[in-house]
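Heads up, the next two complexes both have chain A, just with different partners, chain B and then chain C.
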Partner chain A sequence: MKNIFAVSSIVIKELYRRKDFYVLFILTVLICLVMASVNIFNDKGVIRYLKEICLLLVWIASLVIAITTTARQIPAERENRTLFPLLAKPLTRTELLLGKFLGCWLASGLTLLCFYVFFGLLAGSREHHWPVVNYLQAGTLHWVMLGVVIAMTLLGSLVFAAPSSNATICFVIATGILIMGRHLNKVALHLPEPRRGILYSIYYAIPHFELFDMRDLIVHNWPPIAWQVCGLATLYALAYAAVFLIAACVVFRRRALN
Partner chain B sequence: MWFEAWEGNRARSGDLLQTLLGDSRRIFANHFFVKADAYFHSGYYPTIFDNREAFETPHMAEDAGAVASNNQGDENGFLGKPRDWIDAFSRQFYPSIHTHLDEGGAQGHTASSGDLGDNSEVREILPWLRLSAELDPNSIRTYTVTAYWLRRQMGKVAEAEQFLRDGLRENPGSYEILFELGRIFDENHHDADRARNLWELALRNWQKVELTKPDPDNFLFLQIVSHLAMLEEREGNFHQALAYMELWKAHSMQPAKVQGRIDAVRQKISSAKSLSLEHPQPPNPIPE
Partner chain C sequence: MKESHSADQLPVIEVKNLSVTYRVRGTRQPDKLAVKDLCLSVRSGEVFGFLGPNGAGKTTTMNVLLGFVNATGGDAFLFGTNVREPIARQRIGYLPELTYYYKFLTAEELLRFYAKIFGIPKAETERRMDAVLKLVELEGARKRPIKTYSKGMQQRVGLAQALINDPDLLILDEPTSGLDPIGRMKVREIIQRLKDEGKTVFFSSHELGEVETVCDRVAILHQGELKVEGRVCELAHQHQCNLEQLFLRVIGYNNGSSVVRSESDLKRDQFGPSFQHSTIPSLHSVP
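The block that comes next holds the complex of A and B.
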């Protein structure tokens, strides 16, 4: 475990040394502040449009940071020729992979913390109340979902040729599932066989990221969801992350490093 | 320049959105109008993959009296029964109960005390309506719906009036906007004369525009005529009120109810006549 944490700490340090997070965070803040300055019929209490825009930017930024950070981990080690010295130490390939995963996941968590604190301050400045439980649930589920995305991207970094193609494919898949995942079964119902069977298979196979998207509940001030439901969703995400990580470990162990 | 005379040339307009998007901004305008209705329902809204029968006419427009309703089916159950365990589980993570913002929204629905909450939450639909109007200034229902909610729920009468005037500037002579302006003067400013003038102008414009069509907009005609009739009755102009009520009855889906009103007005006329016979007004005193 010590080795895993050591590798993960390097990834976290890389996050705050690179400018990705700062650029996206400042961009989000600027866009939200500009949108907040709009006069809507002289009413200072309008907030939901701002919450929606802010949360959309948070989700886009977090996906970009998670995917780009993860996609370059293994290829960067290979290009910088630090992979061989790393594995020459008493560090197995599995430990390296798990360390990279944990580092990217924790780094994403820190990123999310900053974004959600900003979101909470922005929303609280107009609503004058902080539904902490709701924000905690939304942030936790968001972080757990990013764990699945990071595991998927890590697998992709071992399968696809370049970090750019891996990042693009993972981003398209993640966005596609977020937008369409909930509706695939409805579309499948209207299709003839065998297309219906194929679409249903995809529907059951894919990790349903939209399960972790609580934006509508947060924007429109719905009550928090039951903690048991949160727990089940977390287990669902951890299962998928485990599947992707196991697959990544198997591929990495069989792959030649050069 | 020679191209500036072309019809639809974007360089004619100084508006950035119009220059960038051209006529495609009208598609976005409708999207944001529907988004405002989604906000009216606190996020509980059918997507293009769901049954939209009960949401053909946006509910915020229907409640505002701006358009006739074409809605059918169950507005509470467009999602239907869950098709599988993923569908059932996912309904915990997005709004899945029908509410309206003017009836308390999500908070009012869940308040155990039955308190409907703050009706001013309707304000949350305004940014999308404003954006929709900017993208398509010729969409008249955006102005009338926005003005209705501004003045009825938010108490922002001046803003509603200004918004309608902006709409009238973009759509000169629009009977819908004139009617809504008249409602402001009648219900908020209590200025019967200006309300009457606006509604009479709206009626004239309606006749100019709609009577040439094979399928005229009877919904707005009934609104205008019924409001004129009630205004005249309130002001004591019973004969004028009767004339409008006859028009109202001729096009109404419930002529019996309108006939009831006509009878009540006739009763008032005959009561007024008999009162003046019993107590004749003394002649004006001759000035010394």
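The block that comes next holds the complex of A and C.
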């Protein structure tokens, strides 16, 4: 376990010493503050739109940070040749991958914390209402979902040669599932066989990221969901992350390093 | 030190009939034989030079020793443990060729990270870090990010990471590659000091002069096969030439360029194997 934590600590250091996070955070903050300063049509309910846009930006930024950070981990180790002195030490390839996963996941968690704290302050300052439990549930499930995205991107970084192509593919898949995932079964209903069967298979095979999307809960100030549901969603995400990580470990163990 | 090795000492590195074949994917070319039936033994306290032209199989052999590549035939052992076991790497330090260490870390952070992987306690890590940074002359730059280091300094931080676990065996892959003469001299001095401390050093290099200076024994590899192995002084005496001349001879390089060789090959084909063309330098006449 010490090896996994050692590797993850390097990933976290990398995140806060690079500019990516700061650029996206400052950009999100600026856009949200500019929008918050404008009261369109003197509508008191405009805060809902502000919250919706701000959360959308948080989701986009978190996906970009999680995917780009993960996509470059193994390729950068190869390119800079740091993989060799690392694996020449008593560290297995599985430990390295798990360390990278943990580091990326924890780093994404830290960025999410910053984004949600900012969002909470912004929304609270306008609404004078602090639904902390809602934020906690939304943030936790968001983070858990990012775990699946990170595991998927880690597998992609071993399959695709270029980090940029891997990042693009993973971003398209993640946003595609978020937008279309919940509708696939409805589309499948209207299709003839064998396309119906194929679409249903895809529907049941993909990780349904939309289950982790609690934005409506915050935007409309709905009551928090049951913690058991959060727990089940977490287990669902962990199962998918485990599948992707096992596949990544198998690919990495078979892959020649040179 | 050279004479202190007893014959019954357990070899630090032992390679037995090692063969490595690479599959050439996506083409119809046959598999590439990178190393062929290599047998090698390095004893404790030795500085062993592993020589050969590019593509000779040096790095592949090192990769097998480090567990990066699985051998297709034969076996390799470090301290008597098969290299397939991760524990075999506990007592080694490895410096790869041209590595660009994590730019966002300082030398101290890098060494702490590697020390953590070896499970070295914190107090011991600090003590070793001071010692290795002093050895590689990076004390003044220890708190600076690696991205601000020159190439020579990066190579020396690489040496520092290879030494952080106080290894009994150092495997160095072209440690002076790409360095200026001062950088080379410093790395050579460090190897010399490690040798004086009784460490076993196994290194590959194209700098035959420095190999001659620091190595006790050398092996020359060509096209995956071991061509020559022995003590530097004995080889020089036996072949009546220096290491560079021997190296050129072993890899079949003639001063008269490959055109001359092709010509002579044609003549040999014409007049039989006993033909000696006057333009082919004899073994002793290679400059």
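In this text, the second predicted complex is superposed on the first by the 252 of 258 C-alpha atoms of A that agree within 3 Å, B and C clash if a C-alpha of one lies under 4 Å from a C-alpha of the other, contacts with A are read in each partner's own complex, and residues count from 1 in each chain.
The criterion applied here is as follows: a residue touches a chain if its C-beta (ideal position, glycine included) is under 8 Å from a C-beta of that chain, and two chains touch if they have at least 3 such contacts.
Small disclaimer: the values here were computed from a predicted structure and weren't measured.
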{"item": "Fit-or-clash call for chain B and chain C when the two complexes are aligned on chain A", "value": "fit"}
{"item": "More chain A residues in contact [chain B versus chain C]", "value": "B"}
{"item": "Partner chain in contact with A:49 - chain B first, chain C second, else both or neither", "value": "first"}
{"item": "Spatial angle chain C-chain A-chain B, Cα centroids [nearest 10 degrees]", "value": "160"}
{"item": "First, second, both or neither for A:88, with chain B first and chain C second", "value": "second"}
{"item": "Touching partner for A:18 - first (chain B), second (chain C), both, neither", "value": "second"}
{"item": "Which superposed partner A:130 touches (first chain B, second chain C, both, neither)", "value": "neither"}
{"item": "First, second, both or neither for A:182, with chain B first and chain C second", "value": "first"}
{"item": "Touched partner set for A:227, first chain B, second chain C, both or neither", "value": "neither"}
{"item": "Partner chain(s) touched by A:210 [first = chain B, second = chain C, both, neither]", "value": "first"}
{"item": "Minimum C-alpha separation between chain B and chain C after superposing on chain A, in Å", "value": "40"}
{"item": "Overlap of chain C and chain B interfaces on chain A (superposed complexes)", "value": "none"}
{"item": "In the complex with chain A, residue positions of chain C that touch it", "value": "22, 59-60, 63, 66-69, 86-87, 89-90, 92, 94-102, 104-105, 109, 113-114, 116-119, 158, 161-162, 165, 171"}
{"item": "Residue ranges of chain B in contact with chain A within the complex", "value": "39, 42-43, 47, 49-50, 83-84, 86-87, 89-90, 92-95, 105-107, 110, 120, 123-124, 126-128, 130, 150, 154, 156, 159, 163"}
{"item": "Of chain A, residues touching chain C in the complex", "value": "2-3, 5-6, 9-10, 13-14, 17-18, 80-82, 84-92, 256-258"}
{"item": "Residue ranges of chain A touching chain B (in the complex, touch as defined)", "value": "38, 40-43, 45-49, 141, 182-183, 185-187, 189, 203-204, 208, 210-214, 216-217, 219-223, 225-226, 229, 232-233"}
